[in-house]
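Next, two complexes with chain A in common: one pairs it with chain B, the other with chain C.
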Partner chain A sequence: MQLGSGLDRRLTPYVFAAPAVLIMLFGLLYPVIEAFRLSFYEVRLGEPVTAQAFRGFAIFAEALSDSSVRKSMAVTLQFSIIVVAIEMFLGVGLALILEKPLRGMMVFRTLLVLPMMIAPICVGLIWRYMFDVNVGPINSWLSVFALKPAWLAESGLAFFAICVTDIWQFTPFVFILALAGLQGIDQSSVEAAKMDGASTLQIIRYVKLPLLAPILMITILMRVIDALRGLEVVYAMTNGGPGLSTELFSLHIYKSAFVTQRMGHSAALSICLLIVTTALSALLLMWSNPLRQKGR
Partner chain B sequence: MPDLANHERADDTVRIATVAALAVVSILPILVMLSTSLKTQSQIFSGSFSFFMMPTFENYRNVLEGRFLGYLGNSIIVSVVATVLTLVFGTMCAYAISRFRFAGRSPIAMSTLLVRTIPPAVLAIPVYFILTPLHLDGLAGLTISYIALNLPFTIWLLYGFIEQVPTELEEAATVDGCGPYRLFFTLILPLLKPGLAAAAIFTFRIAWNELVLASILTNRTSRTLPYGVYLFITDVGIDWGQLMAAGMLVALPPLIFTFVAARQIITGLTAGAVKG
Partner chain C sequence: MKISRRTALKATLGSALAALPLPYVANAAGTDWSKLRGQTIVINWPSHPHFDIAKKLIPEFTAATGIKVELDEMQYLRMKDAQVLQMSKPQGDYDVIVYVIMWKTEYVQRNFLTELAPLFANEALAMKDYNKDDIITAYLEGLGLVGGPRGYLPGPGAKLYGIPYGAECSVLAYRKDIFAKHNLAPPKTYDDMLAAARKVKEKEPGMGGLTQRAQAGHQVTAGWLMHLTPYDGLVIDDKFEPRVSDPAAIKATEVYKEFIDTGPAGAASFDFGQCINSFLQGQSAMYCDSISIFGPARDPAKSKVTETTGYVVHPKAVKYSGELGGFGLAIPKNSARRDAAFAFMQWITAAQQDVRVTAQGGQPTRWSTLDHPDVKKIYPVDIYRECLKIANPDWRPIINEWTEISEKVLGIRLSEIITGKTPIKPAMDSAAAEIRTIMTRAGYYKT
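Up next, the complex of A and B:
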């Protein structure tokens, strides 16, 4: 009896953890291992994975030297740097302007969160309509100036359009995190700087921004990881076109799997993407580990 | 000092104007979707956009006459089941990590945090290859994938909430002879309502909105809403009215949640970055 309940007690944590752990092993870890295995084979969708199709690391080498892959890496790099930089600048700037509590702030924050909450596919379709050359509202407003740009049919403009969409969707994310960070700052250091006669700009530059730095680093990492993961918005807006001008890396992975059906190619690239996002994720954990900071 | 008061008032005016401008930019595209969904074909294709029209529900009627109602049902089933199971399993796991010292605790905690950023595009191919031979493609496989995708976030969000529950409560209940499982379900779970609400909204939203895995794992009968909406884009052209009506139907639940539970959503958004 005594022995039984002792064993019971030792088993308890495993019973609590087991369902979640098993599902994550089956739904996340196993697929990642399978993706790694598939990246050695040249197979098409629906084909069995046979020994004849084995190519080893050749698929990695071939995929990474492919010109369309190089192009999509460049697009992704440009896209992430541009949107994250602009979102950080706007989001932090707005948080500094709106730092003091304002009546109705909760309603305002609710409205700002909306673009992040609706389905990415909806966001993509809304902005595809916004930028539509013939029926879109933007060209309807621009017609006052006799302008009619073919937003989504011209490389540079299409890239601009997907950047605008991302900035619209995620600047509020940066704003909300920066605002929460600002409101957590110990006001005594700000007061002390004021007493010493520091100007508003000096206080921002030398007191607030340094205190915000850890949160801003975390925000940048979260945004970059998300920019690398997402593909739905661009899938709906341009499907990567015209040409390859908006083909983000994750979209290229998706399309090469299910449109051109080169499974090995796609799996190899997905492993590369996974390595990058996981490395960034590990970096994020070093900055802020939710399981460690509460100090247990 | 009247001058200072004036200055402060001017300052406030600037801030209120900034807030108002931002709010407009934020919701304008959503209002464009709403107004387009209520227009007739000829109004939409007139080439000059206006928010004002005689609203017609024609587009909604057409959308709901097709297969869309079936997709809606599939989406509801998948999202609700995935949300409930994610919350139960995730909270149990967070409780184990928070309250027990056991072999495997740190590996579980650490790997949970690392896998939360796996891109859906990485999972798409292998999940297809794994689930199809098991006959788990379709709604069952999709639900399992969504639970797996959402567990990491739920676990660490709930972990933070469990840590704030004083252990004295559990010690007292244990002394009174309450077993660990009854303790968890009757004492701990009810105390975690705010955390569970935040986790529920995030899980439901991700399952409801997900496109990549859904487009691969589902077929004509098991399709969920997001891919259903995408299918309104055809080679022949786009019926913007119907597309926007379908988009509104997909966007509606997240919009409602946001208005009802804005506070929980902001808790969830800031949970990772700002120390609670």
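Up next, the complex of A and C:
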């Protein structure tokens, strides 16, 4: 039957995709729905949700009016902007320098991506030791200039320390993506620019960077999302202190859940973070969707 | 009925093998735990110097009783999450938990722990020579009792839910050589301690006066508490009203900040490990915190001051008041192997094991341990006894909300104070208001 065959053809992809979609729906959406439900209740760790009083959006209102939540949001925003900007600058810069095949470059590239391979909690512990005021190598080097800053004991320095750590760990990520992007550029455009007499800087500014822009946008978004969710490094290095000066939003959520055991409060904050990261992810998908460029 | 030689031999051998474990168990444990043989208990165990020593004895417990032990070991402040989750289930994975003193009331109020009196009354389970009265009184009351006055103090209504293990009080350690060099007497009062801290900071380049805990969160609160009750301050009063901005608490906070300012470099971010190492590595002239320093201070692998460390009682400010804290052992109500868990609790805290752990640098649980010659060799026992006399069971309010107050209110406000970000009075006024909000939410002020 013509009609039956047409319907079958249209349905076939959905039937094949259905198991995967159902598993994804259960695995991804169910926890989110549960978190959303939890955010309406004042419930402590280990207590059944249904046994608690329903408070609706009051928990959201309370959480968002809490000065420590707002401070944590501000710290996270400041942290994300600073580290992503510097990582982009350094990562793209390194990629431009190292894009040409040079002797020993493979070894150098491998070494460069090592920080990204280390578990974040280990990165936090390594840099906590590096910044240790008494036994840390950084102060050991600075002692030549008679300097002994208490890196993790002063608000500004502690914030600087967590930024340095993040930049050390994630610049290689930007570098790898930028390098891949550069190697994918059609060299005829570069050659054409050269024949027109463009300098190296002009080629970078007017040829390479515009061609690299889609990849760089995706990289920025991925890094911003990651930076917004940062937890382990700060947890190991400063535990959010001194005061709240390095308390990133994820650490604040963690403390709400496991220190104060206010699971509803913590879930409400998680939902807020989820909304921000989902919006950024949607943006990322819009940019990176290959079907979009094909007009489909 | 004719019995063959082979049958007789089998029967004799079988009886002998079957009977073999009984006297062995009885000799080892002082009671009959043979029914528990073959069981496996799971213990949530902290990574901590005392427990690192104690865990070496566990194979002996298994050999003596036939009870196998699995340890779920983790950093001590991380244990609470795991414990609460496990104890909330109908049947949890943990048969014994090691808890920190500040969690005891919450655990009992949430019906997580097994009351121990009925177990001690069970003759089949209780070790005959256990002698509960030999356990250091302040520790047994401070760590084990719940339900008394204010919910956590010894007195009417209090019941035993835990056995202290790895318990501690506070002591002042000082550098005898540095004090002698500057004609300083061992501090008896806070004025002495402050004067010494100022002089060391001024006269000893690269050295701080007093090393303290100060990292944001739990640690800074623990450091501040060292001075609060000696100045007669309180976190909350008997009506559960916050008292952290009262003059006594403000004075204690000023003193704490001065010790940070005259302390070693980077003191404002020290956790307990950094705090104690600062003294052991010769970067601070004084240490006023847990007696867990006794072991490491004598260990040349950990300490550069093995020959130059002296000890005095936690000095007097307005009054004498020392820390009472540390760990205890308890049995979750949802443990499926309660009897084996109780056997372990008794065995590890029994006199013989307590001496062995303490003699290797662990923390004593029993009075008799303090009299043992091996312990006297490494512990300044006389000072220890004096410290125990002033150990304060109301060192901090052990209420359900304490963790939140300690880490999320005081742990942030005090950190802001010592880093100079906020002046003392406004910060402590804010802390008091925040504590009141928490207490109101928890329903303490219902009329």
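Quick note on the criterion: the second predicted complex is superposed on the first by the 259 of 296 C-alpha atoms of A that agree within 3 Å, B and C clash if a C-alpha of one lies under 4 Å from a C-alpha of the other, contacts with A are read in each partner's own complex, and residues count from 1 in each chain.
The rule is simple: contacts are C-beta pairs under 8 Å (C-beta built on N, C-alpha and C of every residue); 3 or more make two chains touch, one makes a residue touch a chain.
Every value quoted in this text rests on a predicted model; they were computed, and no experiment measured them.
Using the contact criterion defined above for the overlaid structures, shared-chain residue A:Phe258 touches chain B and also reaches chain C. Of the two partner chains placed by superposition, only chain C is touched by A:Pro242; chain B is not. After overlaying the two complexes on the shared chain, residue contacts for A:Leu98 are found with chain B alone; chain C is out of touch.
Shared-chain residue A:Met195: touches no atom of chain B or chain C.
Counted by residues of chain A touched, the larger count belongs to B, out of chain B and chain C.
Residue contacts after overlaying the shared chain place A:Ala153 against chain C, while chain B stays out of touching range. In the superposed model, A:Ala51 makes contact with neither chain B nor chain C.
Contact with chain B, but none with chain C, is seen for A:Leu112 once the two complexes are overlaid on the shared chain.
Touch criterion met: A:Tyr14 reaches chain B, while chain C stays clear of it.
Once the two complexes are laid over each other on the shared chain, residue contacts for A:Val144 go to neither chain B nor chain C.
Shared contact residues on chain A (touching chain B in one structure, chain C in the other): 45, 132, 134, 258. Listed in rising order, the residues of chain A touching chain C in the complex are 45-47, 68, 132-134, 148, 150-155, 158, 238-245, 255, 258-262.
Contacts from chain C toward chain A in the complex involve residues 80-81, 84-85, 87-88, 110, 214-217, 220, 264-269, 274, 278, 281, 283, 403-404, 407-408, 411-413, 415-416, 418-419, 421-422. Residues 9-10, 12-17, 19-21, 23-24, 26-35, 38, 45, 49, 94, 97-98, 100, 102, 104-106, 108-122, 125-127, 129-130, 132, 134-137, 140-141, 143, 168, 172-173, 176-177, 180-181, 184, 215, 218-219, 222, 225, 228-229, 231-232, 235-236, 250-251, 253-254, 257-258, 263, 266-267, 270-271, 273-274, 277-278, 280-282, 285, 288-291, 293-294, 296 of chain A are the ones touching chain B in the complex. Partner chain A is touched in their complex by these residues of chain B: 12, 14-16, 18-19, 22-23, 25-27, 29-30, 32-33, 36, 44-45, 47-49, 88-90, 92-93, 95-100, 102, 104-105, 108-110, 112-130, 144-145, 147-149, 151-152, 155-156, 159-160, 163, 180-181, 184, 205, 208-209, 211-212, 215-216, 225-227, 229-230, 233, 240, 243-244, 247, 250-251, 254-255, 257-259, 262-263, 265-266, 269-275.
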